[in-house]
Every structure is written in C-alpha cells, then in structure tokens.
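Could you have a look at this structure, given as structure tokens, before my questions?
All chains are identified by letter, namely A, B, C and D, in their written order; residue positions are counted from 1 within each chain.
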C-alpha cells in the first residue's frame, strides 16, 4: 500500500522540475517541453486525488488536459516553426526584437 | 435526453461556432487574391446574432448540460460585452487586413471561435469547462497575435505570448488539481458547500495557484511582464481584442471562482496584486514612447483598478468590477482602433512622435482619441470617470482607505502620460511626414460605437449599473 | 510491498527523466527523456487503477504529442542549445519564487491529511466508467473540445503555411 | 486477477514456456515469411526465387541469418551513437512486445490446469497494442535522425509522418469493432464473434457490417508496416534505403525483423478483430479440440501474409503527396463515416 501523498509529492517534484526547466533552458522547444512536463505532473495529481476521493471525474479531467496539451502542441510547434523561419534560431535570447 | 432549453442557454456560443465554421468553409473557396471583406461581413453577422441571442436568453436563466454552465444576468452581461467587443473589432479589422496584406480569412473565424471560449468562461460553473474555455480563448489569441506573419516582430510576440501563457495555464491547472484535492469536486457550487465546512491548506494554495494563472490572463502584476511586448508586436486590432475580451472573461472567471465558491484567503493576494499592477503599470507607462506599449502599460494599471474593487465588499465591489469591465472595453478598443488606423502599412507609425501635430492633420481622429484618453484618465462625462468612481467608492465603503489612497495617487500619475499623448497631438510640430489615410466607413462605425459607449456610460450609467448590481446579487446569493 | 516497490521504481525513473530533460543540451535528448517520464507516469497510472488513462497516456502523449516534438526537432535540424545568459529577471524572480511556491505546496500537501493509504486500483478507471462520465456529465466540455481542436488546427495551418 | 485459477508458480512457469514458444514461432514465421515472399514474388515475376540452399531454398532464411551475423558491423562516423544503436533495438523490441498480447486460441487443459493460449490478457489489450505501435514510430524517426545523413533523415521524416497519419485511420477503423464487441480485450472480441447465422455464415465482425472498416484497417496496416504500395520511407529509387540507409549487419537485420514481425502482428490482429480469431469447426479427439483453433487462426494469418506478398508483387508505389492525401482525404472521412453509421445502427437497435 502506498499513501496517496507519495504520489502527490512525486507530482510536485516533477512540476518543480518543469518550472526550473522553463526558467533556465535556452531553447524554445525545450522550454515548451518543460511546460508539457508541468502538465504531466498535474495529471498525476489529478489521478492521485481521484483515487483519494474515489471520484472518476478526476480521471476525466486528465483526459481533457491531454486534449488541451495536444492542441497546444500543434499551435506551439507551428509558432516555433514560423519563428525559426524568420530568425533561424531557437534561442529565446536571440529572438529579441522585443525587449523584455 | 437534454431538454431544448439547454440549447437556448448555449445559443450565443452555438451561433458563433456555426458562423466560425461558415467562415472557415468559405475561405478556401475564395481565390488567392480576393478580398476577405465578405468573410468579415459574415463574421460580423454572427457576432451580432449572438448578441441578440444573449438578450433572448434573459427569459431562460438557469443551469444547463448537467450543471456545466449557468446562465444568469451575470453571464448574459458578459456574453453581450464579449459579443460587442468581437463585433467592433471585426469592423475595425476590415481596413487593417487589406492594408497589411493579410489574406487569411481564418482571422475572422479565429475571432469568432475564441469569443466562444470567452463566452463560455463567463457562464461555466465547472472548472473543467472553465479550463477548456480558457484554453480556447488563449489559443485563439496566441494565433491572432502572430497574424502579421511577414513581420518577425508579430510572430515573436506570438511566441512570447504562447510560452508564457501556457506556463501560466499550467499553474492554473495545478491550482485546479489542488482544489479538487481539497474538496473532491470541480464544480463551483460543490466546492462552495465543501469549503463552507472549513478550508484546508490545500485549498489556500489551490486558490493562490489559480490566481497566478488568471492573473496572467488579466495582465495584473506581477504576472504582467508579457503584456508590453505582446501588445507591441501583435496586430493592433488584435490587441484591441485581446486586451479587452479575454480580460473581461478572465475577470468573470475570477469573480465566479472567488465569490461563488467563497474561496478562502484571497484578500491579500488581490490587495498586493492590485497595488503592484497600478504602480508598476503607471510607472512603466511614464517612459514609453511607443503608443502600443504605452497603452499596454496603461491596461496593466487598469487591471489594477479593477482588482481594487475585488478587494471591496462583495455586492458593490462586484458591480463595480462589471461596470469597469464594460467602460474599459469601450475606451480601450477605441484607443487601439485609432492606433491601428494611424499605424498604416507595416505598422510603421506607432511612436508618440508620429502622433505629433495630429490635431491639425486629422482633427476628427485626434478629437476621438482625446476623448478615449480623457476617459482612461477618468475625467467626468466619460465612462472611465464613473467606473473609477464606483471602484473607489466601493473600496471606501469597505474601509480600504490605504488601497484608495494608492489608487488615487496612481490615477494622478497616470494622467501625466495620457495627457502627454494629447499634448503631442495638439501642441507639437510633426518631426517627419506621417501620412494619415482616409477614414474608411467600417472603422468609422466601430469608432463611433466605442465613442457612443464611452459617453453613454459616463452620462447615463443608470441601466448598466442596475444590471451590474443585479448580476452581483446573483453571484453572491 | 510490491506496490511500493513499483511506485518507487517508476517514480525514480520519472524524476531522473525530468532532471535529464533539464540537464541535456540537445533538444532531442530532452524530448526522449520526456518520453521516458511519460512512460513511467503511465505505469504510475496503472498502479492507481487508471488503466484506461495509462494506455491513453502512452498513445496520446508519448505516441502523438512527443512524436510531433521529435518531428519538429528533426525538421528544423536544431543543434545543441547555446549557453547564453538568459534574462536575469527570470532567474532573480523566478528561482526564489519557485522555491517559495514549492515550500507552500509541500506544506499544504503535508497538512492535507492525504496520508491515507488507498489499496491498489481501488478506483478502477475502466473505459466504461470514463465513457459514461464523458458522455453524460461532461458532455458539454467534451463537445467543446472540438472547438478547441478546430481552432488549433486552423491556427497551425495559418502559421506554418508558407507565403505563396 | 491475472493468474486466474492457477497458483503463482505455475502461472510464472506457464508464462515462461509460452513466451519461449511464441518467440520461437514468431521468429520462425518471420524467417519463412521472407522466404515465402521471395518465392511468391519470384513466381509472380516468372522466376524461381531462392532454390539453392536446401530443398526449394527452404534453408535460405538460415543462410541469410548467418550472413547478417557474420557481416562487419559498421558504425559510420558522425552518427549520434547512442540513438543510432537505440533505434533498431526500440523497433524490434516494440514489435516483439506487441505479439505477447495476441491470443492464439482459447484456453487448453493441461494436467487439469486451464491455461490460456496467450501470454497475457488485459482489459485494454487493444489499447496497449496501439500504444506500442505508436512508440515504434520513434525507432524509425530516431534511426533517420541519428544517422546524420540526408537520405536517412528524409526517410525518417517521411516514415514518421506516414505512420502518424495512418495511425489515425487505423485507430478509427477499430472503433466500429469496439462498438460491436464492447470490450478492449482481444479475447473478449473473439468471444463476441462465436456462433453462426443459419448454421453456416459465421458471426464475424466483417459480416456484421464492418466490411468497410476491414478494408480501411488493411490499407492503414500496410502503411503502418511500410509495405508496398506505401513503402515510401524506403523508396529505393529516391532515398537509397530510407531511414536504414546507414545501417548494416545485425542492426539492419533488427529493422528487417521488426518489419516482418509487425506484419505478423498486424495479420494476427486483423484475424482477431474482423475474421473471428480462432473460431471454426472443432471436431475429433481432445487433442484436435486443442489444436484445431490454433490451426484455424494460423490459416487466417497465413492468408493475410499471402495477400501482403501478392500486393507487393502487383501494385506500384504511391507518390508521397498522394499517400498523404489518401490518408487524410479518403481513409479518414471514410473511417469516421463508418464509426458514425455503426454507432447509429447499434443505438437504434438497442
């Protein structure tokens, strides 16, 4: 038997990894992948909580998150391809017409 | 079986979807070099019909689709607001698309479909649906931001918006997960009943994380960093759309999540965010030379004012938020519509210097922009004044003196940069030759609509205010 | 015992994969690490009884979304990332913010009485169960996702299409 | 519970024996599919095919295998070494894992124990197979990318795009079957097809209105396994050998084996999903009761493999854009229409 909190902690660790990746990576695609990692971590939380509450709706939520992730991936990668076409780089520091 | 009234409760969204599909289906039938104005007309018709459908909903309040959406005065108000924003932006885009050589009719389809998401955000009472609706509106605006494809700056702003937006969405989602963990449900009303029995730390953290996500969508500090860049790069009519529509919808969600669930522990979050937004927004705007960036910072500050009302007592606070959202939409869409007209081919003329001497070269346009600027400052007889007045009044009545003082000081600071635009228009000699195009009919109509709305809200606020009050009462029950 | 052992094995694989995602400099290595994370998460779902989700996780996430990533990396033929100094704002505000956030979440999780042990697969996420929810209670969100997908397709086509 | 009525020890032992048998049969089948292909294609083209090694060239597969083992294992410079080696392993192992979910017959009684003729059965077997095939795309994509060669990269890109596209149609073609059978378990799907109408028309899914789905499945399956007429990823005339241009010796053999064992899996799946699996007349002594279902099953699989080869000997290759538009503009709408009609019929009948 594994306490549900173990799953939650695992999910929190993965989420933190995703946030860290978003902050320090210097390649747009990898940054985007960090976001996907964060979504995955959240999904684990949902499944674990669904188990805790004995409510299938938590699992259904994960289903929707996957759909959203797929839609985001399609749009995001199209945007990245378009940026690459104009700038020939994936480094966000070199995509700098806009100052941040 | 699903009763037919459920479909009426979804009617505005259904109409938008149908017209969005129609635009999409007709677009490939048009030749490569044909004008896309016809598609715009179809889209406009869809937006107008959905506004009418929203009015028609008045007799059919209630829950639909197994308690997924809740049609009430609150949601109807936001439906109409979003429909109006979409319609005005579509009108303002006719000329812009021609000028910038954007030949993709999908533009109109995207505006309609992302409006579907925004409308659903305001009526959804289930976090699942709220999340999906939020994503529809976000993804639509990510794409629209990159629509000036031949300009690298546009596609870069799209990328920036997309990356930061998805990042914020992940936080929102984690917040939802923790909320689900704390209450065992994702329905707003079930969450409310569970939270009423006492909130766990999980719920507090959940609310905070959800606020991060929503705070990003409404561009409130400290989640505002993306705003100036994205607004600078994105096509001007799109900025008019995304600085008002998604924002109004996100405020609607925030109202529902915070007040309908009686969520715990958000007061200081909102307080801090309001102060930061007002201050950072106004200070940032002081040094801007690019009008789009200036308006971006101004919209951060405006979000701050709205958040002040959140912190106030429930009913008057909520009605102040609703009123402010309407006034803000009118003046901001108007200001960006003017900016999009002046920007000309390739959005070349967007700095304050390009606006110098506008008072002589295009007196009508300058006058209109002046009114919007005055309204953004909060000068009487304009909607902006009353909106601000109600917000600060609500805060005063709730004894939030500190917040009101900060807000008033900020308004005074803000007056400087808005007035600066006016000063440039009327008192500076133009540095270079900036051509001003003839005002096309469609844009004229949309500007007139914004102007009328701004003045109407400033002179005869009674009906809207009553309506806002009624909506507020529905929400807190 | 077996449950705990499996949880730990796949948990460690997932965390190592996530760290590897950050540590690798070439995007394709990062992508494959992410596939590993997703695979081990699918195993965790199976442990929690969500077998349908576990399968869908592999098919949709690892099999479709990540293939799209790999495909894009191959298409752009992007090399290893350069080590430039990124925006300082992100590091200065982001990292402390992340630490504070993690502490807050950890605190909430510890206080949340979720230490309850739940037997393996106590909530059996069968396809039937999920289907019933999806096509009844969650009918509207399900239908609305079609708008989401439509908007995504439209956007992807518009943005990635070459100018003629 | 997975162990059924067996004790854990017997379950493990039985499983190991089953795995050994299945692997042996599969690899032999793969070897002789190659032989059969060369023979049949030879005859179609009016030649003999392999004749030298053994009677009718029956030992040819053995000779080929020895050749692959003893060839120099060349790893070109400039490849991404780790992924270059990983790719063929991934391709082969995924195709071998898929086979362990296939039931070859009903359960048999050995020494009073009821042993299912399947390595493992789960409630979501079909989904797992789909998942495995979607992971298998990585083998091809990574092979193309890691070889660091233009031909390989183009082949890999083409292959992964093709496999993803056809997977959609493949998955949708199965939905009709799932609606009729109401389960993801392959065993359950076969069970749902037992019996006959009027005593002679078997109640196979293909006769239950899944005729169109069957053809969509077959076409998508050809594309998934990169076979003619959809073998664009390795179109010799344009891409040398596609994604495995830079591979030689055993690594190449792994891709080769993966392709043929995928063919076998796909054929098994087609028999189970559409042609009633192992159902068929059973008669005679108990030993025949046990073996006849396996025989019927093998017969169907053999039929599919023969059709594979026949098609290869007959049809020319598609052009790439034709291939893609065929998937998206023809197969996909057809599959969706099939799903809708099936669902409508089932809903109206209940």
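Keep this in mind: contacts are C-beta pairs under 8 Å (C-beta built on N, C-alpha and C of every residue); 3 or more make two chains touch, one makes a residue touch a chain.
None of the values given here were measured: they were computed from a predicted structure.
> If you tally the C-beta contacts for C-D and for B-C, which one comes out higher?
B-C
> Please work out the Cα centroid separation of chain B and chain C, and write it as a whole number of Å.
30
> Calculate how many whole Å lie between the centre of chain C and the centre of chain D, each centre taken as the average of the chain's C-alpha atoms.
Between these chains, centre-to-centre, one finds 29 Å.
> Determine the centre-to-centre distance between chain B and chain D, using the mean Cα coordinates as centres, and give it in whole Å.
53
> Counting only residues that touch at least two other chains, what does the list for chain B look like?
128, 132, 135, 139, 142-143, 146, 149, 155, 158, 178, 181, 225
> Mind pulling the residue numbers of chain C that touch at least two other chains?
As it turns out, chain C has residues touching two or more other chains at 52, 56, 64, 68, 73, 75, 89, 101, 105, 109, 112, 114, 137-138, 141, 145, 148, 151-152, 155, 157, 159.
> So which chains end up touching which?
A-B, A-C, B-C, C-D
> Under the definition above, what is the set of chain C residues touching chain B in their complex?
Listed in rising order, the residues are 89, 93, 101, 104-105, 107-109, 111-114, 136-141, 144-145, 147-148, 150-152, 154-155, 157-159, 163-164.
> Note which residues of chain B are touching chain A in the complex, please.
Those residues of chain B that touch chain A are 128, 131-132, 135, 139, 142-143, 146, 149, 152-153, 155-160, 162-163, 166-167, 169-170, 173-174, 176-178, 180-181, 184-186, 225, 229, 232-233.
> For chain A, which residues are in contact with chain B within the complex?
8, 15, 18, 22, 28, 31-32, 35, 38-39, 41-42, 45-46, 48-49, 52-53, 55, 57-58, 60-61, 64-65, 67-68, 71-72, 75-76, 79-80, 82-83, 86-87, 92, 95, 97-100
> Given the complex with chain D, which residues does chain C contribute to the contact?
Listed in rising order, the residues of chain C that touch chain D are 28, 32, 35, 51-52, 54-56, 58-59, 62-64, 67-68, 70-71, 73-75, 77, 126-127.
> Which residues of chain A touch chain C in the complex?
1-10, 12-21, 23-27, 29-30, 32-34, 36-37, 40, 43-44, 47-52, 54-57, 59-60, 62-64, 66-75, 77-82, 84, 90-94, 100
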